[in-house]
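Two complexes are shown next, each including subunit A; its partner changes from subunit B in the first to subunit C in the second.
Entry: the complex of A and B
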């Protein structure tokens, strides 16, 4: 019933139910002469969990801040829930939950006071949900926020954000500095949130095991450029490793469309390739390899292939061994 | 005993396929019997702490392969029929297993004749009735 009500609200604001909840169109931001985000175009449909991945400094936080209208893009534009990010109406803003990096809270307030403060801004405030989340994180709501552990602060932040019943949840590195127990509680809470129909999460993270569990869409930013954005299952299937073995010294890397990374060993080249065409034998013949093998990769190796420096890599241990 | 499914992150096998393969194996070995209920998508997703879409996808695949059947409003159950692969798919799977077997044997230095003899011996011991519509 409540779903029908919120649908009609959406329509009255001139949105169609099928419109993506996040659209970025060539979003670009310079700090000085350095492009921190370059020509980022992205579309995230309603429902589902998108993981936003990339090294520190790759532009994730800057992108998130532009999406939320907290930072003006140098070029390009974005829309959240159908409204231009630079001009989000307060009603729309109230339907978006945002948790900043490092879970900042007013240290002198107790969780219960924080909730009393926050609820005034949110018409759909769900106090029961706030209390359930705080209890899930085993937090005594009488402790001052400044005395909470990092994991507990994350729990309070999450409670404050989710109790507003947002349709779109944007979390900037929510797992930062959390111990394994708190990380698991965070994941459980995120999955609990997605129970609601048509709810969408965008979260950035470095915890690839966690991402593999909860994300159904993966977006990878590297050096200011969005290098991948696709459903998790597509990503898992399409980034593969091709190992070429040689009788002697491995030759220069052959050209392969979609090549992400080359690892060079004494008589072996390991190529990580996106959308490999499957013609492994042909590639082996062209490169003069004695044998070829195609492997599936774990999620972590797949993601790392997008983040490494371009060009050949070899383990520094190899050169150490050679000297010994 | 209800079928216990576990998943591991960091594997080269995606989570949805880990689920598919465990149910497939349980059905093939008789650990899960025709008519056994699979946990609901939400229950399993919460138990394993994974995205429910991943579990839904795994169940979808099991239904497509004929290993499980969806009964609208009731849930997903292990299906009665088990031989569900096309000839080509069956050949592909068996060849994959064979490849691994030969690779292991060669790596361990077993002579060709011994591999052959071992294979023959195991084959003669296999019960070809097994797996056909066992109750």
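Entry: the complex of A and C
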């Protein structure tokens, strides 16, 4: 399939190769009186895969829609491929692939008809690539889109998006509702698409194991606020668990900058901390702990610590125990 | 072009089944209207109420459905994203969609219409004459119905800014239909359809470009949308006002009517009756004193027995002419043929055709043309008829019975429609003279049959001729030209004791002038003295002060200016009573209007200022508010997004959330609070 994909990632005139493909500057959006995206600033360079993470309702889809110029920001601005999101010219839009969350397709069309329809709009349409992706997902070309399974719809949707040979691919939770096999197929296709081609993917997902496998960068939204935007390895190194052991009952949680989560046990406090400075002994002395241990965390635990509520209350068994 | 065609073709393919269903539904409705809608009697196919109802109401609904369908399924978030994230300008997508909607609408409505036209044009299907021009009203409706397509798109697409405003464009479509209904000529209908469709399409286009989670409309978009929404707000406001009025003032106060009557014995009397109870008459003499011998007369039936018999005389040639009433191409068939009252026609259906100036007759069972009747008698359908009745056909449609009087400006004839014969030529005016009317005089309460006819009264210019029922002259009355010119509703009256003739009428075209009575010398027929009796038209008492006040408040200066313009163009007409009623409370009307202007202007300007608009738009909205009143303010709510405000951490005043800096203290918005968990490292 690799031969089918054109290597010609075009750049518009005057556009620097080093210029970030996505730039958001203080992007803010209100729905009613509630800010669903608050002061989001982000810069994503060309090439690589960026995972956009956050809980449901944290503002991921809203951010993506603002980036694509489908929703007006309340304030702030954003640029895609060097162009203001509010007025993306058709030539720029042709270089951006977008897969919406629910994989919308015209239900009465068959995959071939969908491709035939889409190709009228995209000058760089790659029919072979589309057919290869559809075959990869084992989709019967005679079945109407409305009768395809969710995974197959995702496959057709991805085929339609990739066959336009976009430089920038934005996927809004593409794995939502897919079975493991379909997710794996999707992932393979995404990896195939991006590796070594200088192409950029921004995707939102709740499948953290998938994210860990493919993402080069992570950006985490927590209650409308961007809390992290960094390369994957930096993120992995910054979030750690500190275990404080006490001789008696564990005291109240000490004040620690970057504290994400506290798990309280009988004689133990497990703190998940971002940007921990490594001064574990100092923290132990301050908290009166008998022993201290600093552990690395798995990626899923690191992200979940960001997404969950902060403080002691995050571990609901604690409150049950307190009641008991 | 390729993208436009692709989008249009996609939508046609997608909704073709709905268009086909719509075609079937319209075809079924038209078939019912043509087949069961009284065709062959006095009704006429294209001008039948059922058929026009289908075209006037059904076509815009069909257009609306098509417009709704081409957008509705894609107006949700993800399908919308799939639609618009394409490397083409959004207007291209819009034009593809609306053209698809129009194509399906024109096909769905046009196909059954074309079939109906072809079917009607074939002889033997409908017992009536056919002219292609008869289809013009339906064709005008077909064109006007295309306004439904952008309206349907607006309904499916436009997010409602406040309750009910989403359906507002329907009112604009209704106005377009109303203008089409009021047009007198086809070209006027076509022109107003083009203007209406252009406006609605402009609004739909900008709303489409703004999207389902709308970006603010640009200036032209806002103007187009405002024009589209304005009628709905105005209509809604007046409906609300009318409903409130019906609650506040459920019963109109009673008041007395007063008019002049002329009795068989020559007396002129006042007839008084309450507005709500017309069967409670009171007769008085001209000084207002009761008349003892008429004290028992309290109802119209008894009064008619006492009243002097009258026969109507036309004032001028075209006044009672049927052809003069063919003022609109869409209301009635008179431009093509005049159906006679074929109630007792014995299986025959008669019409008068002005183009050949002859009566034509169809067989009701077979719907075939039997022949035509002219001054030369009956000519079967297979033979050419050339003789024409002279002049213009006068009078109301006749019954096609045994002995009917038919009148033309060039002659009066007695016709036996059953036997298809001209029985007699009763009167032919001298050359260069034309008749204004001809009527048969029968005694009050008698049925109009030849045996009962006492005389024939013909009006010719300013001359009234009384003839025997066979056309022999009895008497001639020459009326003064000035009298004929200034008096309307001329009638010839007769008293019995003594046997005298009078000509009566009302001075002034608006029926507000005095009752005029002129006696005719019995021997010479010369006009005698003209008497005028003041006849006050009933003037209802003025309404409570809040009614004109509320009307003025709702109408605002714009509404009153529009009303004044309509009066200037079309005249006051029968509204004179309304004005006589309103005049005394004009002050309240003006005060209501002034309050509306003040409130509307201030409310709009305040809202514009609060929304941080620049000086120009603020002034523009203030002026619009003052001009349109409350309607302007409601309009602003519909088309202008005013951003929220929240407390500024710098100065504590409310500030717009859309601005980077506070408009009062220039402070920036505070960034989100940091909690130390932030990990920001430049990517790449």
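Just so we're on the same page, the second predicted complex is superposed on the first by the 297 of 324 C-alpha atoms of A that agree within 3 Å, B and C clash if a C-alpha of one lies under 4 Å from a C-alpha of the other, contacts with A are read in each partner's own complex, and residues count from 1 in each chain.
Operating definition for what follows: contacts are C-beta pairs under 8 Å (C-beta built on N, C-alpha and C of every residue); 3 or more make two chains touch, one makes a residue touch a chain.
This structure is a prediction, so every number in the text was calculated from the model and none was measured.
When both complexes are overlaid on chain A, the residue A:297 reaches subunit B alone and has no touch with subunit C. Once the two complexes are overlaid on the shared chain, A:183 sits clear of subunit B and of subunit C alike.
With both structures placed on the common chain, the touch criterion links A:70 to subunit C but leaves subunit B unconnected.
Of the two partner chains placed around the shared chain by superposition, subunit B is the only one that A:209 touches, whereas subunit C remains out of contact. When the two complexes are overlaid on their common chain A, residue A:274 makes contact with subunit C while staying clear of subunit B. With both structures placed on the common chain, the touch criterion links A:228 to subunit C but leaves subunit B unconnected. Judged by the touch definition given at the top, the superposed model places A:110 against neither subunit B nor subunit C.
Which of subunit B and subunit C touches more residues of subunit A: that partner is C.
In the overlay built on the shared chain, the residue A:306 is in contact with subunit C alone; subunit B does not reach it. By the touch criterion defined above, A:48 lies against subunit B and subunit C together after alignment on the C-alpha atoms of chain A.
Across the two superposed structures, the residue set of subunit A contacted by subunit B and also by subunit C is 48. Here subunit A touches subunit B in the complex through residues 48-49, 184, 187-188, 191, 194-195, 208-210, 212-216, 232-233, 236-237, 295-300, going by the rule given at the top.
Chain contact summary for the complex, subunit C toward subunit A: residues 2-3, 5-6, 10, 13-14, 77-82, 84-89, 211, 213-216, 643-644, 646, 657-660, 669, 671-672, 675-684. Note for the complex: subunit A touches subunit C at residues 20, 26, 28, 30, 32-33, 38-39, 43-48, 50, 65, 68, 70-72, 74-76, 86, 90-91, 93-94, 96, 98, 100-106, 108, 117, 120-123, 217, 225, 227-231, 234-235, 238-239, 257-260, 274-275, 306, 310.
By the touch rule above, subunit B contacts subunit A in their complex via residues 9-16, 42, 45-46, 48-54, 57.
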